[in-house]
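Please read the structure below before turning to the comments.
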Amino acid sequence: MPDASPTKWHLGHTSWFFETFILDRELPGYRRFDPQYAILFNSYYNTVGPQHPRPERGLLTRPSLDEVRAYRGHVDRAVLGFLEGASTPSRPSLEVLRIGLHHEQQHQELLLTDVKHLFSRNPLHPAYRECPETPAGDVKPVGWHHYPEGLQWTGHTGDGFSFDNETPRHRVFVEAFEIASRQVTNAEFLAFIEAGGYDRAELWLSDGWTAVNSARLTVPLYWERHDGAWRTHTLSGLHTLRLDEPVCHVSYYEADAYARWAGARLPTEAEWEVASPGQGGGENFLEDGRLHPVPAPPADDGPAQLLGNLWEWTQSPYAAYPGYAPPDGALGEYNGKFMCNQMVLRGGSCATPRSHIRGTYRNFFPPDARWQFSGIRLARDAR
Amino acid sequence: MPDASPTKWHLGHTSWFFETFILDRELPGYRRFDPQYAILFNSYYNTVGPQHPRPERGLLTRPSLDEVRAYRGHVDRAVLGFLEGASTPSRPSLEVLRIGLHHEQQHQELLLTDVKHLFSRNPLHPAYRECPETPAGDVKPVGWHHYPEGLQWTGHTGDGFSFDNETPRHRVFVEAFEIASRQVTNAEFLAFIEAGGYDRAELWLSDGWTAVNSARLTVPLYWERHDGAWRTHTLSGLHTLRLDEPVCHVSYYEADAYARWAGARLPTEAEWEVASPGQGGGENFLEDGRLHPVPAPPADDGPAQLLGNLWEWTQSPYAAYPGYAPPDGALGEYNGKFMCNQMVLRGGSCATPRSHIRGTYRNFFPPDARWQFSGIRLARDAR
Amino acid sequence: MPDASPTKWHLGHTSWFFETFILDRELPGYRRFDPQYAILFNSYYNTVGPQHPRPERGLLTRPSLDEVRAYRGHVDRAVLGFLEGASTPSRPSLEVLRIGLHHEQQHQELLLTDVKHLFSRNPLHPAYRECPETPAGDVKPVGWHHYPEGLQWTGHTGDGFSFDNETPRHRVFVEAFEIASRQVTNAEFLAFIEAGGYDRAELWLSDGWTAVNSARLTVPLYWERHDGAWRTHTLSGLHTLRLDEPVCHVSYYEADAYARWAGARLPTEAEWEVASPGQGGGENFLEDGRLHPVPAPPADDGPAQLLGNLWEWTQSPYAAYPGYAPPDGALGEYNGKFMCNQMVLRGGSCATPRSHIRGTYRNFFPPDARWQFSGIRLARDAR
Amino acid sequence: MPDASPTKWHLGHTSWFFETFILDRELPGYRRFDPQYAILFNSYYNTVGPQHPRPERGLLTRPSLDEVRAYRGHVDRAVLGFLEGASTPSRPSLEVLRIGLHHEQQHQELLLTDVKHLFSRNPLHPAYRECPETPAGDVKPVGWHHYPEGLQWTGHTGDGFSFDNETPRHRVFVEAFEIASRQVTNAEFLAFIEAGGYDRAELWLSDGWTAVNSARLTVPLYWERHDGAWRTHTLSGLHTLRLDEPVCHVSYYEADAYARWAGARLPTEAEWEVASPGQGGGENFLEDGRLHPVPAPPADDGPAQLLGNLWEWTQSPYAAYPGYAPPDGALGEYNGKFMCNQMVLRGGSCATPRSHIRGTYRNFFPPDARWQFSGIRLARDAR
C-alpha cells in the first residue's frame, strides 16, 4: 500500500529527524552517518531537500537492517552527547528535540499499523506477537451524555507540549448536543451490514458511495468470512470476530454512513473536545500491550474510552484554527500543508503511547483511509 | 472533461427535473415524453433511479437537439397546465417548483462554463458570442476593511428562498479580521508567477503541490503564451490578457498558494458572509451579458464586487451547518451528499443570474476545479 | 471509445487526405479551405504535422456538419478541376489519388463500425437504418477443405491496386492444412459459453485471460441478456440473436480461445490466402445493404464467405513481408508504423465495399479489439 | 517494477517447481514443507491453482530468507532421495526434472536482472558484487555476412534438451540477407541519440513513439548524465559508460528505431538462426563472472557473439511454429500461453549459464521491456 512504509524506514526516518533538525544544525562538527540518507529518509520536507518516492520505500533492500540500527546508534549517541555537552542546548533546540520525541511516538504507532497491513496481505497471516486476550463481557446499550449550548474555548492552552495544529486556543460556539457513552460495537456494525448498509446509496456521501463501489467494499478492513463465521486479522494473527469489541478499521465514509443509518451523526471536533477528559484519562494504550481495541467497560459516569482504544472519526474537515500560523522553516511543513481533503480523528488508540495523547490532539487522515485503528463514536443534536 | 456536460444534456436535465419532481408526482394522468429519458437525464439522484454515466453524456448523439427541444416544450406546457389547472397546487409542490427554477439557473451557469471549456479544447477557438468590452481603467491598490471579533449569526433566515445547505441560521464566533477591498488582479497574479510561485513548494498545500506538478500547471486555466504576450480564452474567443481584470479560473490550490505568497490568507465563509452585502448588491451578472469579469470600480465604501463578477474561494471546507437536515426523499440528495472533499465558494459570477445569488449562498467545488468563474479575495487576521 | 471517431470527423479527414496529399502539393495556387483543418483532420501523420488528439475528436462541436460538408464540396471540386485541368496529372499524383479513394473506402467502413459502437452506448438504442432481413436457413455442419504442403507465393502481384503492406510478393513454405468450410456460428459460440469457456484459464492466452477478467467479459460485444433470451445490438437496432448467423464482434483472444476449445486453431494469413478466392468472389458487402453478417450458404464447393460477411482473425501477427519497404514521405506512415502488437484479419465484411477487398488484403487490429465486424474461421493441421 | 521479483521469491519458486511437478506427484508419501507455499510460489500456472499476485511478491516479508533456505534444503534432499530411491524414476519424471533444471537456470538469470533493477532504484547504488574489467580495445567497423536465399530447416531437432516452443523443426523460406559482424556499440547508439533519434517520429513504430513519449525516454535504461559524462548502472555499481561496449538494456522499440536510422533492420528469428553457431559457441556467459557485456573481438570469421554477451532483439513476434503443440497439463502453460504481444530475442547474455543456451533457443519479452540484457544486431536485405 503506498501509504504504508517498511519498519526499517520508520527506524531510519525517526533518526534522520534528529540528525537533520538538531545535530546537523546545532552540533558543531557533527558528521552525518551517510550523506545519502538525507534523501532516503526524508519523508515530505521539501524545504530540507528532495525525497525518495514514498511508494518506493518498500524497494530499499539497502541499507540493511543492521546498517539502519548502526545509524540509530550513531544518532542516539550524538544526541546524548549534545545534551550532555559543554554548552547548554538552546531553548529552541530543546523544543525541536521534544517535537522529535513526539514525532517518534507517532511513528511507533504507524510502524504497527503498517506491519498490520503488510501481514494482512500475506497468505501466511503471520502474527506480529501474541497479545493478552480481554475477557468477554456484557456491553451496555448506548447512553447519551448531554452538553448545553455555549461559547467554548477549544485548542491547546500552551501549557505543556502540543503540536502547532492544536493552537491557538480559541472560542467556538457549540450548539447543545449529546454524545454516545461508548464506541459502536462489531455487533452493531454487523446489523448495519445485514440491513444492506453497503448497498443503500441514500446512506452514503457521494464520494463515499463511489469509493465503496469502485473498491467493492462490503465490510471493514481485515474482516473475512470463513466457514460461515467472521474472522479479523489482528497483530496477533487471525481471530474470530468478537461482537462485543468496538468496530475498527472503518473509513470516514463508513463511519458517516453508519451514523446516518443509526439516526445519529458523527461529532464535530469541538463537541468531541468539550466532552473529552483532560490528559491522563483513558485506557488501552500501546503500553497495555493488547494492540487491539477492548470492549467498553460498564461504567456510567461519562463517555468511556474517549482517550485510547480507538481513534474516533469526527465530522470536521482538518483545517486551520483561527489565527493559526505554522512555525518558520522546514518544521512548518509538519502539519499545516496537509490542511485539505482530510478529516480529523480524535483520542488515540491501542497503538498510541499513553503520554502522546491529550484532549486537544488532532490526528487527520483522508476519508477513505482504513488501516489506522479508527472507530466510531456517535453524537446527535440535543432533543 | 468528465465534469462538464453538453448543452443538450443541460437542456434535457432541467426539464427532467420538473417532470420527475412535479409532473410525474403531482399531475394526475401525466405521460412522460419518453420513459427512457428518466435514465438519460438523471444527474445523480440515486433515490430516483439509475443514471446514464456522466462521462458518457458527450456520446449522446440521440436524442437530437430538436427532440430535446420538443421535450422541453412538452414539459413546459404541462407545468403551465399544472399551475393553471382546476385544483390549486399544494404548497410543497410550489416549493419544489421554486427549487426547479433555481436549479435551472444553476444549469444556465454550468452550460456557459461547460461551453467555455469545450471551445477552449477546440483548435479553432470558436466564440460563444461577441460580448461588450469594458473600458480599461485604473485599479486602485488593495485596501483592507476591518471587522471586529464577535458572535455572528450566519446562514439563511428562512425569509425568501434558499437552498437547504444555507440553513439553519446559527451562531459562529468570528475573530477580528480584515478583508480586501477587491479581487486579486491578473497583474498581481502575474507577479506571483514571475516570482516563481508555481515552483516553490513551501507556498502550496501538499495536495496542491502534487496537483500542479502532476498536471504541470504553470498558469491559470485558459491562459496561453503567444508571441511573447499572454492571451486568454473567453466566451467571445481568444483575447489578450488584460492586467486590470481580476484573475479567473484558478483552483483553490492556486488561490491558497497566492494568498500565502501575498502574506495573507483566504477568508472563511463566515468572514465572507459577515462582510457581504444583502441580496441585490453586486454587479456584473449574467444579465449584463459580458460573460467575463470586469476590473474593480474605484469605489471606496466597502469591499467591492463581493456579489457577481467572480466566485471567490473561501478557506472553508463544505460541511453541514449545525442542525442541518437535508429534506426527505430524492431532493435530500441535492446538496447534502456532497459535503466532503469540496471547498466553499461565495458570491456568484458574471455567469450567474442576478436573482439567483445572495450573501448566504454556498457554492462548492473540489479544490482542483478550475473551469468555473473562480477568483481570489484575500483576507487576514486583524492586526 | 478512444478508438472510434465521430462521423463528422471521418467526413473531414477523408477530404483532408486529398487536400494534403494532392491539392496542396500538385495544384498550383490551391487555397486550403481553412488552414486550421490541417491539425483537426490529420489522423496520425507525424511527417505532415501535429494532430488534434484522437480521444478529443468527439469534443469538436465546431466546425459544424454544414461546414464540413462545405469543406468536402470545396475539396471535391478542386480535385475534379485538377483532373480535368490543362496539364495532365502526373502518374505519381494519380497513384496517390487512387490511394485516397481506397482510403475513403476504409473510412466508409469505420464510419459504420463507429456509429454502431456509439449507438450501442445509448440507452435509446437508436437504429442507423432499417436493413433487409435474411431468411433463416439450415446451416450445415462444418466441413474441412484440405491443402497440401508446399512453397507458396503470397502477397500482391502488383497487377492492379494494393496497399504497400501486401507487397512484395514472396514465397512462404506452408505445411499441409485444413480450413473450415464456413465461419463459426452463434450457436457454436453459445456452446462454448455454456461450457464455461470464459471461465477456463487453460483455454486462453495469458494476455487474453487478463483482458477478459479485467474487463469482465463473458459474451461477445453487443450481446445482452433480456428476459431469458439473447439480444444483439445491430445497425438496425436491437434484435434477437439468431443462432444460424456467424458470431461477430469477438476479439482475437476470444477467437483463439474458442478455437482451442473446439480442438482447432486459427489459420495463418498465408494459409488463409492460399485458400482464398481471387478478387471478385465473396458475398454480403456494403453494397448489399444488410450491414450485418448472414448465415453460410449450403454450398459445398469450397470454403464459403472467405470474402465479405465478416473479417476473420488469423493467428499471424501483423509484420512486414520480406523485402517490404514503405513509400517515402508521409504516406510511408500509412501502414508500416503499425507493424507491432496487432493481428492480421482477412477477407472484408458486410461493411466493406466490394471493390475494396481482395485475397491479399491485410487488415490489422490489436488483439483485444471487438468493435469491427470480426468473426472466426477455424483451421487445423492436416491429419 | 511489477515484472521483477525479489531474490527470495526466485529461490522459493524454483524449489516449488520441483516440489509441485516431481515430488508431489511422483514421490509416495512426500509431505510438502508448507502447504501455503503452493500459492506463494506459484508463478502463473492456473492449472495448478491460485497464485499470490505478482506485484505483491515484494511485500512478502514472511517467510524469512532462512525459512526459504530451509525450504530449498527440504526439496533438494527429497529430490535426491527420489533419484537415489529404490524404484528407478520414470522417463517422464526425468524429463520434468530436466525441465526443472533449465527452469532454475532461467531464474538464475532473472534473479540477476531483477537485483540489477532493484539496486538501480536505490539512491545508494549498491553493487551486487565486484566484477572483472575488460581491457579496452579497438572495435572494428561493422562488416556484413551474406547468406543466400533458400528453404531452411529451423527449430530444434529433438536431439538433446529443448523447450517446447523450439519445436517442431520445420521449413522456412528465407530470402537472401546479410547480418552484421557484431552488436551495435554504445558509441554508435550515442550517435543515434545525438542525431535526435528519440525526437524523430518517422524513425519509430507508432506504439514505440507513444511509449518513449509517455515514459519520456531519451536514453537506454540505466544511463544517466553526471557532470557532463555518461554513467551506467551495472551489477558492480555505477560506472562511466564505455563507448566500445555494445549498447544494452534497450527495448525492441529502441532497437527497431536505431536500425531504421542506421539504414538497416533487425533480423528475423529464422535469419538469426541460420547465421548462429551450434551449441557450445559464444562467449561471456554467467560463468565468466563479468555480468556485463564485453566489446566485440577483432575476429573476422563470422558474426561474433551471437551466443552470449547480450540477447538480441529479432523482428519476429513470438508465435507458434507450424504444428506446435504444448504439452498436456500444467507444463503446457510454460511457454504456449505467452504467444501474443511479445517479440523473440535470441542468443543469451552475460547472465545466462553457458549450458542453457543454444542456436534454436527462443526468449521473448514485450516490446517495451528494457531490464533484460538486451542489445541490437543489425541485418539487411542482400544487395
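Each chain carries a letter (A, B, C and D) given by its place in the written order, and its residues are counted from 1.
FYI, a contact is a pair of C-beta atoms (placed from the backbone, for glycine too) under 8 Å apart; a residue touches a chain by one contact, two chains touch by 3 or more.
Everything quoted here is computed from the prediction, not taken from an experiment.
Undergrad: By label order, what chains touch chain A and chain B together?
TA: Under the touch definition, chain A and chain B have no mutual neighbours whatsoever.
Undergrad: With centres defined as the mean C-alpha position, give me the chain A-chain D separation in Å.
TA: Spacing between the chain centres: roughly 46 Å.
Undergrad: Between chain C and chain D, what's the gap in Å when you average each chain's C-alpha atoms?
TA: Taking the mean C-alpha position of each chain, the two centres sit 36 Å apart.
Undergrad: Give, as an integer number of Å, the spacing between the C-alpha centres of chain C and chain A.
TA: Inter-chain centre distance comes to 57 Å.
Undergrad: Multi-chain contacts only, two chains or more: what residues does chain A have there?
TA: In chain A, nothing touches at least two other chains.
Undergrad: Please categorise the chain-chain contact pattern as a line, ring, star, complete graph or other.
TA: ring
Undergrad: Taking the complex as given, what residues does chain B use to touch chain C?
TA: Per the touch definition, chain B meets chain C at residues 34, 36, 39-40, 52, 56, 58-63, 118-119, 121-124, 126.
Undergrad: Please output the residues of chain A touching chain B within their complex, sorted ascending.
TA: Touch list, chain A to chain B: 44, 46-47, 151, 170-175, 201-202, 204-209, 252-253, 256, 268, 315-317, 319-320, 322-323, 332-333, 337-341, 367, 381.
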